[in-house]
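What follows is a single structure, written as structure tokens, with notes after it.
Chains: A, B, C and D, in written order; residue numbering restarts at 1 for each.
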């Protein structure tokens, strides 16, 4: 039987992590192809409702990644993102959304290898957790089969 | 208070004065040293030279026995045993498959909960804080503190002192009233495991060490390892013939030197057992 | 109904080697709203761009998705092509099939599927793109150059000579940098000071350059063309206008035993001091940490002897604000210091020194007036050993990179030693000799063949002192790794070139990126070597990586041209990726409820309160308004807005939600 | 990681070394700092950096020479090379592996006869008593090497100073220790 291939959505900032992932490419470092990157100007722009939307649409795991603390291109966007993540995580825990499926990290424009490591680690851990069919239950949707190619 | 104690083979045989001095110093500070029941040899250099699994299984048995006995901290005065035990803990903690293979071979439970102290760590933790005021006969000599290999290397695993120009023994000796000298062979190898099988190499390697200590005016060499001691002391003839001169600087275990500073009986510290007469 | 064109690039084989480009184009062609889809070998080439342009015209495309490399590489290229064909450039988006897909995954179906997904996301996004117009901003035609070493000096002069104003700030009391410390320079052996000092004087006298020494950047705001920099002018305890630079104070100062930074600790200086005789400006500063008056509350000898009464003990640091349009960073590098080489006894044995210290010994202006004398007892070393790669190419010590300049300066040092100490013996322990550069290899050969420097291929294990000699334990790897022991009188370590202390903080103040070694990051390793990722901020010299003098100078001139290019325009256009508050005609006006959370969160103070008044002049609503000149488009306000009234162009709610939905709802 | 091996371009003995010790011979850039600091380097037929180079070649003849070398036996695992290696290559660990392999393939260098004999005598002593029995070790070692006269003067001096036990210290669970030997030896017979 084919191994479960989780769908991972990555919300990344343009200046650090997107550029870092570019560097992964220019360095030809290979990583799991399960991830799809969505580019934001800054992690500060990321409205966390988007994360719920991603789960709602069938994502099994999520990466949110931006600049390291103090390195934000816009000074403080990543601090807002981090603070918001702390709040959001406790809200998720409260409502029963599996926060183990959300990986929050910093990857700078110089950390191409780190980006590959984070993607691989996230894919491996989400693969372990299995398809996120639970979300529909948590979100009180009528249960229906979610297919995973 | 009570501490676990793993003497190792040398301390029961050719280096029994080390054991005697460790116990004498511990006793002076009301520390009870509880020996691990039915302990075995750690396998030393021979085991890891010949057979990796054996080199981990033997130390693991010792650690398992200590656990069984309810000991949380064991003192391992022999630097070689200390190295083997610490390396084993490290290897088993990072490789679960290896841990299974080893516990399987041993037939004993192993959790890795016992912490392993070398002699300097033990002295630093339990003796040094109370040493001041107890020194009745300051060890007023110029000493060359010799660390050898296995007390400080590999740093990644042992995480003890620093690899180049370590200081922990020097600091201890300073507190015992000695004047530690700055010298160049603190961590050079004495020849260790080749003592019997290739005595000529030992003469050369240990010769450089004793020679440098002498050149810089040391009146005693301080060690914390029975292998170092036996090479620098028992192999003095080979050393002297390599150097082409007769050097009679004595080699003392750190616990013997501290024992002397505490005013303990020379015989209780086993000084009469040395090959090179301890004149200091 | 959208009419979108999809253009899938093979990038030679960079994409097509692992992605089935034809299949991507074919699949995309079937999506709703896609009017045209094609794959082509080089989309960025002229024919490739023409393909896009003609499709826009012929098919009447309303949106374009180019599936090729990273938008960070070619977004401007393709947006310009669209504009040329009459399509609003912001109707063009890029799917990153190369860096994020073909280069990082193995060939296979999964990789092609990912490529298809990436294209689909952007096809859906572009449906919600809007035509945007670029924003015009004015340009302040003054440049700020940070750092007054050779790179900063060159950049300042080049910019100033194009007729633009330059503000040059230097953290030390004098400009000159490391180059002023050097003895002679490779491969010509011309005297460093002789070629540098005229330039230093030129800087001081140039009508377009304002020089502030003993000054550091405090903070920076704004954006390309419109920066506001705060500069801290550290107190020199001196009224510079009154000081004539006579130097009487420095001769009378009683605190004479302070290690001289200029002489790398090998010489001494006073507490009130001019770092070196050729300093620019040639006026002293008081080093308050070592000044007797500041320590003990009395002394003031300098004040008593000063003929013009220029000493100011109560002078305070000044913060001044300047407006500049561009910034050149030229802060240079430093070398690794003691404790980093315990096995070499660096810091423990006075005769184990750094290359920079050797420069001072060899320099005619140095503490030994150019005679090679060892620091411990002043003797001339009969045997000297040079160690290459002291710290460099040493991952165990955290420096995997090659410091690049050492091979050359070691050859120079050994050569200078041989020239100055007749009959002396010199040894160089090296791993590889990296002498790439004009006349460089020839120079090294000269050291070996003509000057008799002994090169030994091997790294030294340790150095210890014995009977006044430094015993160097090495091995000759070209002779079966035979042990080599040299009894030397002096050892010179070619210590690794590393980023300046504080480089990280400076990068954070400037909002530029830096690499893991804290060297500042260029925008593109090949094509944008002097640009940073922040528009309007440029790099020169060794702050970007270890560099020698010719490279630093070339880079500085490069940065200067970039600045001059920028200043040749009266207005700049900026991408309209900025926040907007929704607003409609009365009676709705806006969904903004005037909580102004956005104002408190905006890092650029770009949002203000606006009062909407009725015809009678009565305030009927108070709402947020974005100043497009100040907004940098980070979008922090967007995530904060409780009523979703503020949105960011190019990354709107509609666009981002669409991307998420498009990604997971497969066709 | 197996994929790591696959991409490393290391073959033969170097690959085995990687598999058993995580030491990647291609990491060595031949600076020679190990050989420069090795206390036994001058007694070796191939100093440590040369051993690394031989393994890098993947040449079977050179690999055979490594296993038959005297170097691997005279190495004291003093860890100096590892401590100072700029690439943090764990040479001592690799040496352990090479010794074990050399022994298993009966390639131990004849010059190392005494060293090997000593290790064997040492292990035998523990195998049977659980602890090191020094007289037993000496006797056993001397019968293995026929070096009867060496160190003969040492024993009485040690005896006089109470440094030699006439009777071996026997641990109770000798069968337990013997079992450890048996199980660990399954894979390699020595």
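What we mean here is this: a contact is a pair of C-beta atoms (placed from the backbone, for glycine too) under 8 Å apart; a residue touches a chain by one contact, two chains touch by 3 or more.
Everything quoted here is computed from the prediction, not taken from an experiment.
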Following contacts chain by chain, what is the lowest number of steps it takes to reach chain D starting at chain B?
1
Give me the step distance from chain A to chain D, shortest route via touching chains only.
2
Innermost chain, where centres are averages of C-alpha coordinates:
C
More contacting C-beta pairs: A-C or C-D?
A-C
Where the CA atoms of chain B average out and where those of chain C average out, how many Å apart are those spots?
51
Centroid of chain A to centroid of chain C, CA atoms only: how many Å?
30
What are the residue numbers in chain C that touch two or more other chains?
343, 462
What positions in chain D touch 2 or more of the other chains?
80, 88
Which chain A residues sit where two or more other chains touch them?
none
Touching pairs among all chains present in the structure
A-C, B-C, B-D, C-D
Touching residues on chain C, where the partner in the complex is chain A:
70-72, 96, 98-101, 103-106, 110-111, 113-114, 117-118, 121, 507-508, 511, 513-516, 521, 525, 533-534, 577, 601, 603-604, 632-636, 638-640, 648, 650-651, 653, 656-657, 659-661, 663-665
Chain C contact footprint on chain D (complex, rising order):
29-37, 41-42, 46-50, 80, 84-88
Which chain B residues qualify as touching chain D in the complex?
9-10, 12-16, 38-41, 43-55, 57-58, 61, 104-107, 149-150, 153-156, 163-164, 187-189, 191-194, 196-199, 201, 205, 234, 272-275
Parts of chain B lying in touch with chain C, wherever the complex brings them together:
162-165, 184, 212, 215
State the interface residues of chain C toward chain B in the complex, per the touch definition above.
342-343, 348, 462, 464-467, 471
